[in-house]
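Every chain is named by a letter (A, B, C and D) in the order it is written, and numbering of its residues begins at 1.
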Amino acid sequence: MSGHDERQTLATRAAAAMWARDDAARHLGMELRAMAPGEASLAMKVAAFMLNGHEICHGGYIFTLADTAFAYACNWSGETTVAMHADINFLKPGRLGDELVATARHRAGEGRSGVYDVVVERGSDVLAVFRGLSRRTGGSFLGEDA
Amino acid sequence: MSGHDERQTLATRAAAAMWARDDAARHLGMELRAMAPGEASLAMKVAAFMLNGHEICHGGYIFTLADTAFAYACNWSGETTVAMHADINFLKPGRLGDELVATARHRAGEGRSGVYDVVVERGSDVLAVFRGLSRRTGGSFLGEDA
Amino acid sequence: MSGHDERQTLATRAAAAMWARDDAARHLGMELRAMAPGEASLAMKVAAFMLNGHEICHGGYIFTLADTAFAYACNWSGETTVAMHADINFLKPGRLGDELVATARHRAGEGRSGVYDVVVERGSDVLAVFRGLSRRTGGSFLGEDA
Amino acid sequence: MSGHDERQTLATRAAAAMWARDDAARHLGMELRAMAPGEASLAMKVAAFMLNGHEICHGGYIFTLADTAFAYACNWSGETTVAMHADINFLKPGRLGDELVATARHRAGEGRSGVYDVVVERGSDVLAVFRGLSRRTGGSFLGEDA
């Protein structure tokens, strides 16, 4: 296999391993749409239980979707990587029934720290932009025969 | 009533009005512990559905708890106020069954914009610190005879 | 003129008006390299007075370069716009004599608030990524016959 | 000496060692007002060369003052520590001649990462709040006989 193919294979395996134990993502009805080295895309529909006191989607769920895309993107190689810091700009509210898609991409950083940008969209409307700082903690979560 | 009492009464009314329609907070089993002018405290227990692929509490739920405390604190006067930006530092992981408490306090800002600091703790352990920027959008969500 | 040309003309006029009174940028030896609607690029050389106690470029100067590019980009139309919030990830240090280039681009946001991304590079090395939140305060700084 | 005294002595030594080579702080006319374990306070007067195109103090200089206080606070023990991330909320503008004081305090984080809060004030007016994330890189900048 070429280096490109090997990296994509690794990303696909890491996605499967994370998804298998990701109760949080499944509970929210998320769907993993795409996974590549340093990139991930997930979708989620705004459910009634996500509405806050202003009757819009609680910002926490928009963050959670973005943060999940970030987690998949930064763990793409199977090396355990955690979020140290994240920030989010809320631009437009989400409404009941909206399908939101979060797309995360590696932006900068080599070595143990990385910066990832995530955009949360409803169609072509940008609802939020998110930026996360990750840190590799060492060790792989992919078993040898996985 | 003194000015202090009137402000506290307003905060209590605003909390009740928000809580009554806050399906998101109730769905997560949050409990509103305290509410005062510019301040709010909420508790949440880490449930199994909140665990991510690393078997720790998904950062999105820690953010959601902090963001909820921020929302109550910045809406204390009944004037509709929304989150524009938030950032969070993740310091320690949350585990299944942990009781997390988020306490939000107004930090700075007069007029329409405000900065609020939130700390998320498990006992005396700080799991995360959060800072939010709010903006009043005009209008009150408290009815005249509420 | 086409709409595109008119927008570029406005950006060029705004850049000239800002630059004429921008003592801070000139004092730091900055050079305005490019200006377009929602975009700006500035260069700055790391001088001896910018070195901190670790003998690398003080992060404040890297921030200042990024913040300046942000300011030009978000004021491109001549409507007075200020920074409300900014955050920066420091990835690699700057050294004495390095030429740093900051490029700012509108990322999201319509109406009065905008999000701009800035990257600070030395050649193809990314030293820092910056994200700013702007707010239009009303009024234009371009005179009618400017 | 008590543990408290030893820590203060270390902070005082670290401050002196940093200040001796901090050309950036001196160039801006900063004054180190206080230094303690995890805390530092610096003052700076807004000079003409700090004014931007809106004739207010360039946000970059306010950031630089805050970032300097952060750097002193997080390097208090003499172990080399760098800024990984910082964010700032700009609340009120600084004017020519204003004396600004930045006070940094350790907020959370044990081990190699730390979160520091900085407030930039003019008298009792809060101009900006800043939050920084630091990382110890290993090694001490205090010589054995310093």
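Quick notes on this one:
Simple rule for what comes next: a contact is a pair of C-beta atoms (placed from the backbone, for glycine too) under 8 Å apart; a residue touches a chain by one contact, two chains touch by 3 or more.
Everything numeric in this text was worked out from a predicted model, so none of it was measured.
On a Cα centroid basis, the chain most remote from chain A in this structure is D. Between the chain pairs A-B and A-D, more C-beta pairs are in contact across A-B. Centres computed as Cα averages put chain A at a distance of 34 Å from chain D. Between the CA-based centres of chain B and chain D the separation comes to 30 Å, rounded to the whole angstrom.
Taking the mean of the C-alpha atoms as each chain's centre, chain A and chain B sit 24 Å apart.
Contact of a single residue of chain B with at least two other chains is seen at positions 84-85, 87, 89, 113, 133. Those residues of chain B that touch chain A in the complex are listed here as 17-25, 27, 48-55, 58-61, 63-65, 67-68, 71, 75, 80, 82-90, 141. Residues 84-85, 87, 113, 133 of chain B are the ones touching chain C in the complex.
Interface of chain A with chain C (complex): residues 87, 89, 91, 107-109, 113, 115, 117, 119, 126, 129, 131, 133.
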